[in-house]
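Consider the two complexes below, in which chain A is the common component and chain B and chain C are the respective partners.
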Partner chain A sequence: MTNAWTDIKNTDLVIVMGGNAAEAHPCGFKWVTEAKAHRGAKLIVVDPRFTRTASVADYYAPVRPGSDIAFLMGVIRYCIENDRVQWEYVRNYTNAALLVQEGFGWKDGLFDGYDPEKRAYDMDGWDYQRDDEGYALTDPTLQDPNCVWNLLKKHVDVYTPDFVADVCGTPKDRYLKICEMIAECSAPDRVMTSMYALGWTQHSKGAQNIRGMAMLQLILGNIGMPGGGVNALRGHSNIQGLTDIGLLSHTIPGYLSMPKDDEVDFETFMSTKLNKPTQRGQTSFWQNYRKFMVSFQKAMWGDAATAENDWAYDYLPKLDVPYYDILRFFDMMSKGQVNLYFCQGFNPLMSFPNRAKLTEALSKLKLLVVMDPLQTETAHFWENHGPFNDVDPAQIATEVLELPTTCFAEDEGATVNSGRWLQWHWPGATPPGQAKPDTWILSNVFLRVKELYRTEGGPFPDPILNLTWDYEDPYEPTPAELAKEMNGRALSTLYDPTDPAKVLVEAGQQLPNFAVMRDDGSTMSGCWIYAGSWTEDGNMMARRDNSDPGDVGLFLNWTFAWPANRRILYNRASADLAGKPWDPARKLLEWDGERWTGYDVPDISPTAKPGEVMPFIMTDEGVGRLFSRKGLKDGPFPTHMEPFESPVPNALNASLRGNPVARVFSNDLEQMAGIADPDFPCVGTTYRLTEHFHYWTKHSRVNAVLQPEFFVEISEELAAEKGIRKGGQVRVWSKRGEVFAKAVVTKRIRPMLVGGKSIHVIGIPIHWGFMGAARKGYSANTLTPFVGDANIDTPEFKAFLVNIEAAEKGPLA
Partner chain B sequence: MNIDLSRRGFLKLAGAGVAATSLGAMGFDAAEAAEAAHVRAFKLATTTETRNICTYCSVACGIIMYSKGDLKAGEHAELIHIEGDADHPTNRGTLCPKGSALKDFVKSETRATQPRYRAAHSSEWQEITWDAAFDKMARALKDDRDQNFIEKNEKGQTVNRWLTTGFLAASGSTNETGWLTYKTVRSMGILAFDNQARV
Partner chain C sequence: MTDRAPQPLTAAANPPVQPLESNLLPSDVVRVSATKDVPKPDRQLTEVAKLIDVSKCIGCKACQSACIEWNDTHPTVEENVGVYENPHDLTPDMFTLMRFTEYENPETNELEWLIRKDGCMHCEDPGCLKACPAPGAIVQYSNGIVDFIHENCIGCGYCVTGCPFDIPRISKTDHKSYKCTLCSDRVAMGQGPACAKACPTQCITFGPKEEMKKHAEERIEDLKSRGFEHAGLYDPQGVGGTHVMYVLHHADKPSLYAGLPDEPAISPLVREWKGPAKTVGLAAIGLAAVGAALHGLFGRALEVTEHEEEEAQELVDETTPGAPADKGDA
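Right, the complex of A and B next:
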């Protein structure tokens, strides 16, 4: 989230699209209710189903799964055409005026320079025209045909209301009404917030869905505003934290990148990360990259990381592909290329697509280790559970270890909420049986591996032998020790660069913030964005002062928010060019003539003069990007793409299948239905229910009672067409597998008119499996396709093709 | 909005039948005080309170856990109740159907409670000690890394990676667990490393 749950109360308009907050994030959604009750805010819901959120909305419209980009580009077109633009914001705080290189173009659903063999664009021209010093050329009058604004206007031209209605299946009058409601928020004193979740990410073009909304919010001037922003509701309790700490194939804590093969030494690695400003006088905060990177290497390898050995740069593994994400790794596993796999609190057999392929892959491992508080399906994948897990243990050679771990009630530490608050929690229960903390288990394994390397030797043992491990009890590092390590400390005394007599931080002390970090090896920090979370004043994440000066919903003394305890990102943009709040009634920050003052920690240097230093300090332009340059593989603007399994051809280009630059493995492509495949006429989409959390709550008796068994949701029209009765058993199948379920026949889903034909949507909740207290059931991922988003490979769970029939005599009977 | 008098202190005071005068001082009138004076002691008054955060979604509601026994005092602590934390700015005491039933998750009959091992082709689990499990994992890791670690690619560039072992981390676990996981996994050269954020 750019903002926070508690900030939603400051909004005038909430758009929930790509999520179902009332159902999946109920206690956060209460802030929408608060805004409606106390500010008269309105709520719009755009979703394939009339969801629980829709049931309390002021306005609802259906949208076909996987067509959101067309909808959003249409709204942008509407705003431009009707002059509903926050002009001062767009001119000054976005890259609207910057000139793009000649020759940038888009035609028939593709940007210029597409190579179908490589499934990639030539991205060279996706950049600005520059002067001799490398600064971008601009046209503040927005007349130049190559300025971002004019290119955007041209790009969205095709998304007329008729086009949107035809592609999205949204009735035109409903769509136009929503455009009108959104467009009102272009006024400087009207603010919209966007709340989305997996409904936008789980597509082969998920990142572009979100970009579409980010662009719209820039055009409306809603980024940085109280009650505004682009707000990812996020999933698990610490999904934000694990992303921050970089537990992903291609990242280093604090959103740094893992090095690639060609980055042969530290200087080569750094050469692409200098982040020189592209406009004069701008902050371009990532110019500090080197300080954060060196501090990270010092946290990992201490004295073994020196200037002479490139800060132990060789200790980091190098990537020969963009990342070894889960889809790629399961594909490798299915080909017999993987031997050992560890699953820590993660149940991939339920949560990744094409379950048959997952089972096949796990069966080819030598050893599978599962560390979890619960007995998961993954740990038990080799057990026969009748139709719910139809395998023969005798045929499966994989050895399995099931290791019991503690859960939240029994452990201590911080989890990070969607609003980036690091909230500390304390243990209050004795772990059951032999359950142990993950830290104890990992330490025991690691120290044994280290000992084997010490005694036996082996390939490149240095990063293992030299890993910092100065915990009081090496077998049980405490949460406090680990938290302090992430915050970082001074390794030698730090002096003020402007006044060398002045000591900033004594050697050995915790760092107060990331501003004091150095690239000379005198500071260490495991995760630079967490600097300030555990300082010499103690554990800031454990703070519990819930006062809220100004009643702005920020709670600055409640726990700690990264970065620097800032609660609203880009908050400098809540004030105009002169530093006055756009909306005096919604003041966040203000320029007092000398510095920024107000309720939040300024997201800019406190003395950066308004009018000179622009608000988007993390970009090298200093402004928000309507044109994202080379940031995303599938284009600098979002363009309409169909899901890989689509009920209609792409209206822009019938020969395109899915996202033209998404990675797809050939054997998976064979297992996908064709475009408008007559054998699979219905669109399947998966989702969560308020009573359940993924595959955990089926182990909880109360939740198992509340929603005991697997069902699918279909419209009355589809039920009539197929002779399916309410509560009857149905069979749903895709090209990858079949499931049997109870049919919930409902008015909440209606057929949609798309490309002149009526399309049925089938809703498939995800929560059942063969372990736990709930009735055993089929799992939704039996059906879903093995393909992900082009930029990050989040699987396409929200739009795929299935068929359905009544099956009264099926296995559930 | 902070409740100065701790909930537990209040319950002790109100439920344990103390003199009406102190209840009067707390804003109860005499009739209410008399009523309160003879009600049974509230069950939670004898428990230990612990502040925690709901483990499910990233709204991250504040919760209060009530246990019999005090972990901090080295006692066995049995969780008996969980409720929303009224002091928490996000949820202000409310919990959804998942958070309200957290205790059933902690006490689920299908919690894993014992290290277990499944041999190749077997249809049964067998119990294993932690020590034996650690030795098995360490040996498997060492052998696999020794056999498959790649120091240089075809171009002769130093790559120091290991691709035949992978690790999935838990986004329901704490930052501190995440950081220790990061350190151990990366230092061994593993690149197949992900968490639920990928989904």
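Right, the complex of A and C next:
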């Protein structure tokens, strides 16, 4: 989230699109009901289904799964055409005026420079025209045909209301009504918030869905505003923490990059990181990258990381591919290229697409180690559970070890919520049986591996032998020790660079923030963005002061929010160029003539003069990007792309299939339905129900009572067409497998008119499996395609093709 | 920031709340089934109410979950029969149930998904209590809570018939009647009901009835501003008002909400029948035993005459006017 859950109460308009906040985030959704009850806010829901969020919305419109970009580009077109733009914001705080290189172009659904062989664009031209010093050329009058604003206007021109209605299946009148409601928030004193979740990410163009909303919010001037922003609702209570501390193959803690194998030394690695400002006088905060990187390396290898050895740069793994995402990893596993899989707190047999492929992959492992508080399907993938897991154990040689772990309620530590708050918690219960904390298990594994390297050597034991492990009990580091390490401390005394006599931090003391970090090896920090979370004043994450000066919903003394306890990112943009709040009734910060003052921690140097330093300090332009340059592989602007399995051809270019730059493994493509495949006429979309939490609550009887059995949701029209009765048994199948389920026949899903064709959507909830207290059931991922987003490979769970029939004599009781 | 009506005192888990005063002693009973001449308590408790604002309800079933957990009941894991109601009806193990109705509003042509938390309404004039032939099996406290004392229940089912809302359910295991207690055990300790505590959107609030009515007014005003011109409070006077109230967008048509009775009333038969006390020897039910445990207090031998059985049977056979006709299983 750019903002925080508690800030949603400040909004005038909530748009829930690409998510289902009331069902998937019921506790956070209280802030929507609060905004409605006490601010008179309106709620719009755009979703293929009339969800429980829609049940409390002021306005609802359906959208075909996988067509959100067309909708969002259409709204941007509407705002531009009707002059509903926060002009002062757009001119000053976005890259609207910057000139893009000649030759940037888009035609027939593709940007110029597409190479179908490589499935990639030539991105060279996706950049600014520059002067001799490397600064971007601008045209503040927005007249130059190559300025971002004019390119954007041209780009969205195709997304007329008729086009949007035809592609999205959204009735035109409903679409236009929503455009009108959104456009009102271009006024400086009207603010919209966007709440989205996996309904936007789980597409082969997920990142571009979100870009679309980010661009719209910039045009409306809603980024940095109280009650505004683009708010990702994380699907798991600590998934924000997971990404923060780099539990992804291509990142290291604090969103730093894992080196690639062509980055042969530290300087080569750093050469692409220290982004020089592209506009004069701008912050371009990533110029501090080296300080964070060296502090990380010092946290990892302590005294073994020296200036001479590039801070032990060679100890870091180097990626030979862009990243080892779960799809690539399971694809490798299915090809017999993986021997051992350590599966920690994760149930991939249920969670990832094309279950048959996953079973095949797990069957080719030599050893599978599962660390989990629960008995997962993944750990039991080799057991036969009749139709619900129809495998032959005799044919599976994989050895499986289950290591029971504590669950979150038995642990101490911080979980990081969607609003980036690190909330410390204490154990509420004693772990059962032999359950051990994950840290205990990993420490014991590590120390044994280290001992083997010490006694037996190996090709390169240094990173293991020299890893810092200075915990009081090396077999069980405490949460406090780990948290302090992530915050970081001074390794030698830090003096003020402007006054060498002044001591900033004594040697050995916890760092107060990341501003004091150094690239000379005198500081260490395991995760630079967490600096400030455990200082010399103690554990800031354990704070529970709910006072809220100004009633602004920020609660600065409640736990700790990264970065720097800032609650609203880009908050300098809540004030105009002169430093006055756009909306005096919604003041966050203002310039008092000498410095920034107000309720939040300024997201800018406190003395950076308004009009000189622009609010978006993390970009090298200093402004928000309507044109994202080379940031995303599939284009500097979002362009309409169909899902890989689409019921209609791409209206911009019938020859395109899915996202043209998404990675697809060849054997997976063969397992996908064709465009408008007559064998698979319906659109399937998967989601979670509010009664459940992913696959965990299968183990809880109460949750099983509340939503007991696997079902699919279909329209009354589809039910009539196929002779399916309410509560009857159906078979749903894709090119990858079949499931049997009960039918919920509802008015909340309606056929959509797309490309002149009536399209049926089938809603397929996730949850059921073959372990736990709930009824056994088929799993939705039996059906889903093995392909992901072009930029990050989040699987395309939200739009794929299936067929359905009544199956009264199916295997369900 | 806008001016606000006072926030609910208790039960809402967030923001933090102050507990109500501890109350609800056995001596606060004002009515007892099959018992006349209940001594007047020496104090009158503040009347309480649970307010369910259906316009804030997201149908998450946290209330059901909390109810199961607090009351330690064991509902069956049923099948899916094509609806979102699970269990499919109130049961002796499920005292509250979200009921879902898909309604196409003919005036606006908009689809509405009306979600209502069903359960005991805690009537000021409780039909169950009036119909009950078992002395001390149903009591009402001066704060309005209607509670079943299971030791005294004979499982006859008259309370089911006497209820204009079709709430009590008879257990096939122990042959006792069960329903929502309004968490009388929690209220006695100054807490609100478990469902209200669990509700994430403050759709369910709990406190003094007058405060709840004020809170409802604010909500109704908001709903009217959003075009629900018939928004209103459901506090039906046919049963003397209730201690569970609803804010409805369509207060002119309560039955839209899965058959919530438009004009609930106790069967006239029950009223007539309940004139004289049916049992003997229970005029003084021991209400002087202040401080005794509820269970001990109400644990009494019961006597029901044959004649009473016959009368009661007639009553059971009657169709109760105003009872919900259609459960609206959409």
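The working rule: the second predicted complex is superposed on the first by the 812 of 813 C-alpha atoms of A that agree within 3 Å, B and C clash if a C-alpha of one lies under 4 Å from a C-alpha of the other, contacts with A are read in each partner's own complex, and residues count from 1 in each chain.
By our rule, a contact is a pair of C-beta atoms (placed from the backbone, for glycine too) under 8 Å apart; a residue touches a chain by one contact, two chains touch by 3 or more.
All figures in this text were calculated on a predicted structure; none of them were measured in a lab.
Novice: On the A-aligned overlay, A:Asn703 touches which partner chain: chain B = first, chain C = second, or both, or neither?
Specialist: Both: A:Asn703 reaches chain B and chain C.
Novice: Under the stated touch criterion, which partner chain does A:Pro171 make contact with: chain B (first), chain C (second), both, or neither?
Specialist: Neither: A:Pro171 stays clear of chain B and chain C.
Novice: Go through the superposed model and pick first if A:Pro512 touches only chain B, second if only chain C, both, or neither.
Specialist: Touch partners of A:Pro512: none, neither chain B nor chain C.
Novice: Give one of first, second, both or neither to describe whether A:His425 is in contact with chain B, with chain C, with both, or with none.
Specialist: The answer is first: A:His425 touches chain B but not chain C.
Novice: Going by the touch definition up top, name the partner, chain B or chain C, that contacts more of chain A.
Specialist: B
Novice: For A:Pro387 in the superposed arrangement: first (chain B), second (chain C), both or neither?
Specialist: neither
Novice: Could you look at A:Gln434 and tell me whether it touches chain B, chain C, both or neither (first, second, both, neither)?
Specialist: first
Novice: By the touch definition at the top of the document, which applies to A:Gly526: first (chain B), second (chain C), both, or neither?
Specialist: Touch status of A:Gly526: first partner only.
Novice: Of the two partner chains, chain B (first) and chain C (second), which one does A:Leu247 touch, if any: first, second, both, or neither?
Specialist: first
Novice: Would you sort A:Gly113 into first (chain B), second (chain C), both or neither based on which partner it touches?
Specialist: Neither partner.
Novice: Overlap the chain B and chain C contact sets on chain A and report the shared residues.
Specialist: Shared contact residues on chain A (touching chain B in one complex, chain C in the other): 26-27, 30, 546, 690-691, 701-703, 706, 773.
Novice: With touch defined as at the start, can you tell me which chain A residues reach chain C in the complex?
Specialist: On the chain A side, the touching residues are 22-23, 26-27, 29-30, 33, 36-40, 50, 52-56, 58, 60, 546, 551, 690-691, 701-711, 725-728, 742-748, 773-775, 813.
Novice: For the complex, give me every residue of chain C touching chain A.
Specialist: It comes out as residues 1-2, 4, 14-16, 55-62, 64-65, 68-69, 74-84, 86-87, 94, 102, 104, 110-115, 200-203, 218-219, 222, 225-226, 330.
Novice: For the complex, which residues does chain B have touching chain A?
Specialist: Interface residues on chain B, with respect to chain A: 1-2, 48-62, 65-67, 69, 71, 76-79, 82, 87-91, 94-102, 104-123, 125, 128, 130, 133-142, 144-146, 148-149, 151, 153, 155, 157-199.
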